[in-house]
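There are structures below to look over.
In what follows, chain A forms one complex with chain B and a second complex with chain C.
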Partner chain A sequence: MVRLEHISKQFGAIRAVDDVTLDIPGGAITILAGADGAGKSTLFKMLVGLAKKDAGAILLDGTDINGDYSRVTAVCGYMPERFSLYSDLSVEENMDFFAAVQQVPAPRRRELKERLLQRTGMAPFRRRRAGALSGGMKQKLALSSILLSSPRLIILDEPTTGVDPLSRIEFFAIIEDLKKEGRTIVMSTPYLDEAEKGDHIVFIRNGRVMRQDSLAGLRASFPARLFRILPAGNIFEVMRQVAADPDLAGRAHPRGRYIRCLQTGAGDPGERIPHLEMVEEQPTLEDMYIYYERQA
Partner chain B sequence: MSHPAPAIAVRDLRKDFGVFQAVRGVSFDVARGEIVGFLGPNGAGKTTTIKMITGLLKITSGTVRVDGLDNRTQLVQVKRKLGYMSQKFSLYPLLTARENIEFFGGISGLSPRERARHQARMEELVPAAVLRQKVQDIPPGLRQKVAMFVCLMPDPGIVLLDEPTSGVDPEARRVFWNDIYGLKKLGKTLLVSTHNLDEAEYCDRILIIHNGELVAAGAPDELLRQRRKASIEELFKDAIEEHGQD
Partner chain C sequence: MKLRHLVRKELIEIVRQKELLFLLFVSPIIQIVILGYVVSSDIRNVPVGIVNLSRGQTAARVIERVRRSPLFSVRRESERSEDYAHYLKKGEVKAVLVFRDALDRKRNVLKYPEVQVLMDGIDSNTAMIAAGYFNGIIRDTILADMEKSGRGLPVAGRPVFRFNPQLRSINTMGPGIVAFLLTIITMFITSASMVREKEQQTLDTLLMSPLNSLEIYLGKALPAALIGLVDMAIGLVVVVLWFGIPFRGSLFHLLLAALVYLAAILSYALLISVLSASTQQSMFFAWFSLILFLLMSGFFTPVSNIPQPLSFLAAINPMRYLVQIIREIFLKGNGIAYFWKDLLALGAIAVTLVSISLLNFKRFISR
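Here is the complex of A and B:
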């Protein structure tokens, strides 16, 4: 649905976004994963026209918008990273306000507001001041507010950062419902376990795209294998042996009773290490992200 | 005694704030040398429980024993055994890392020579330029490293870490957990609260707390097996839903 081509943005000496080309497929969840300062927010701001790109093109439905950001804003809802609500207004007042700004007709507003309040579990809190809501509820309200205009492209900048795990799970369930309705979602997150739920995953580091693909695609092209070893003896003694092995040094870490270990060459690491059991596992997104980051 | 006392023994611990019951009868042990993860939504009672263990918060009822010592009657001895890294405040943001080390070393009763030794060790771990920066300007991953270092300076046997990985990027998080294993290797006991469910796998055992009550406790793989769940996220949801949302 959206394609960014060779987008760059410089702030003084810092290249915040450096020649980024990426696809946001329609009807899917695209996730931008990366550390703080990787350029995720700047990229979103350029997409909606809040920051001016230095170079590159934005294509919407296959054609270059040529600086006409109203084409993007007409179809998108954008939730910025920082709390975007009026703290002194109630949940319902915030929703009414955003609906009015977005010129949603009154009957449609009433119906949609009710539906969103029910779906997000916010109905019992409709009269609560936004400032008095928990972090997770604030994010649900911010999302509801941008959904009132029924956008087909939903842009969410770190909507779950700092939100507790239960609220994060609930929030993502709503995102998945929106996808089922056929909407296109693009969101950023620092949580790589959350990013695994995306259909298209983009690793961003220092303003550049390190990798982008589906989880399965990323796994298929990953140049290392991951093993989980249950050491027969003391885990630290076994870790010492792993650290002394030049093929494995720096690629193994203890996790609970196990050692997880990346192997880039042939053979199984367990052949060289005493173990009770050794299982090959699918690498997680975090394993892959850290691998590429260390390569960079 | 044939069995040494657990590093931490919490029994029927309760904390009321007025009519609000923040912690409602929590009991658990943390064995010596064990890494225990403390998981739960916001407001579940994680920080309140940790603060009661440290003696920073008055216990409404129940007991906490640290290495067999009662933290109400033997608090001074208990404090000597504990290292605590709080969720929000653990360093002075306007002081440099060096100044923090000097200050916290001083109040922990470390001699000038020991403090100098710690300064030198810190310089091996963190670039010198970072140590000269005010803590508020240091990136989160390195800031946590400094905070952890400060918490460990008095060489506590038991370390309580309240959400140490919040806002820390993936690479720094993995390095952090490697450091935690370094402490385990030294025989230290760790209780670590976290919002990152995937970190449960690093722990020997996890405790899931919700609305002030423990809703699950055990080794992560055993809990997954018992509850027939494929991931910690499913386990977490299941434990909380079973207990009731409110």
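Here is the complex of A and C:
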């Protein structure tokens, strides 16, 4: 649905976004994963026209928007990183205001508002001031507000940062629903476990795309194997040996009673680490992200 | 109308803050009452010391008049010449009157006693006025003596004070306070308004909406204008009913002047709001501007007192014209024929400020 081509943005001497080309497939969830300051927010801001890109093109439904951001804003709902609704207004007033400035006709606004209040479980809190909501509820209100204009493209900048685990699960359930309705969702997150819920995953680091693919695609192309090793003897002793071994240093990390070890190329880490048990595991996104980050 | 929703939102945001409501609608009343009673250039009960070295009746009569005057309160009396410097230095009194007998050597008789009036010049305004009153008392005594002996002055000026016969300073201040209220309220609400959107991070919401920059601009200005006018009305009622200052002009003219003025002051405040990075900064700017506007508005001191090289500052000060126009309307009951030049100047300032501010606003919105 959206394609960004060779997008760059410079803030003084810092290249916040550096020649990024990425696809946001329609009707799917695209997740941008990367550390703080990787350039995710800047990328989103350029997409909706809140920041000017220095170079590159934005394609919507196959054609270049050529600086006409109203084409994007007409079809998208954008939720900025920090809660950005009015804390002195109630839940309902916030939604009404948002729908009104988006020119949603009144009957449709009422119907959608009710549905969203029910769906998000916010109905009992409709008269509560937005400033008095919990973090998770604030995010649900923000999401509800941008959904009032029935956007085809939903852009969420770190919607789950600072939100409790239960609310996060709920939040993703809503996003799954939206996907089922055929909408395109693109969101960013610093949490890699969350990124696994995306259909299309983009690793961003220092303003550059490190890798982008589906979870399966990322796994298939991952050049290393992951082993879970139960060391023979004291784990600290073993880790000391590992740290001294130039082939293993930086690749093996203790986790609980086990050592997790990434192995590239031929050879078997079992030969170098005295162990009682060694099992090959499927690498998580976190393993892959850290691997690529070290490579870079 | 999208604008209507923005105005409504702004008003709800203001109404929700109870402390702000108090500041907006109760503090003006307190301000007027305090300004009305405290900020007065009328002099009363100036502490006076008297050193009387004269034995004559004339000095005694003058002293009696000073004692009876409500303007002065005699705190110290002495017959020793070394006391006078001591009184002033200690700050017990603001003025010392020294009476000394003078001898006509030719005829060997006592003349009118010599009178020395020593003033504490730190409070220059009071000193000047009080000195004038002392001279008046002395002159009246001499005149009374002359009339007794059948003589009079060949010519005497008799001043008549129009529009404010009792020379009450509240009559000058009151209308100015109305102008002041209109300024302070609108300035502070508006100069914080865009910064608040920035700080709350709600600005992006507005910028992403189909609202254009003019609509956002008006959406910020109109609620403040409305509150400003309500406050002005409160001020008007208090000034007229409480202080009994007559309102002789037309309300329509007052509204007209207020609206032109609001265009100027609101666009100035929005300019502050756009240029400031934080509420703190915008408040500082607003205060700084307000003080300058106020000091050069003729509210406390006449604009004509400003020295020539700096007089352009008063010429571009919108508040100066409003204070002028409001006094014309209030006390003189003058119509637009008398103040159209001021209104025109105010209009020109408003147009200039709106243009600069709107231009900056547009640039800010489409960053």
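Assume the second predicted complex is superposed on the first by the 296 of 296 C-alpha atoms of A that agree within 3 Å, B and C clash if a C-alpha of one lies under 4 Å from a C-alpha of the other, contacts with A are read in each partner's own complex, and residues count from 1 in each chain.
Assume a contact is a pair of C-beta atoms (placed from the backbone, for glycine too) under 8 Å apart; a residue touches a chain by one contact, two chains touch by 3 or more.
Just so it is clear, the model here is predicted, and its values are computed rather than measured.
One more residue to check, A:129. First (chain B), second (chain C), both or neither?
A:129: touches chain C, not chain B.
With both complexes overlaid on chain A, does A:50 touch chain B (first), chain C (second), both or neither?
Only chain C; A:50 stays clear of chain B.
With both complexes overlaid on chain A, does A:100 touch chain B (first), chain C (second), both or neither?
A:100 contacts chain C only, not chain B.
Per the contact definition in the header, classify A:236: touching chain B only (first), chain C only (second), both, or neither.
The answer is first: A:236 touches chain B but not chain C.
Touching A:89, do we find chain B (first), chain C (second), both, or neither?
second
In the overlaid three-chain picture, which partner chain does A:254 touch, first (chain B) or second (chain C), both, or neither?
first
Does the superposition put A:73 against chain B (first), chain C (second), both, or neither?
Second partner only, chain C.
Contact-wise, after the overlay, does A:290 reach chain B, chain C, both or neither (first, second, both, neither)?
Only chain B is touched by A:290; chain C is not.
Which chain A residues qualify as touching chain B in the complex?
Spelled out, the residues of chain A in touch with chain B are 35-36, 134-136, 161-162, 164-167, 169, 190-193, 236, 239, 253-257, 284, 286, 289-290, 293-294.
In their shared complex, at which residues does chain A touch chain C?
My answer: residues 48, 50-52, 70, 73, 78, 80-89, 93, 96-98, 100-103, 129.
Give the list of chain B residues in touch with chain A in this complex.
Interface residues on the chain B side: 39-43, 139-140, 166-167, 169-171, 174, 177-178, 181, 185, 195-198, 201-204, 219-221, 233, 236-237, 240.
Quick one: which bits of chain C touch chain A in the complex? Just the residue numbers, please.
Checking each residue of chain C against chain A gives 2, 5-6, 8-9, 12-13, 16-17, 200-202, 204-211, 367.
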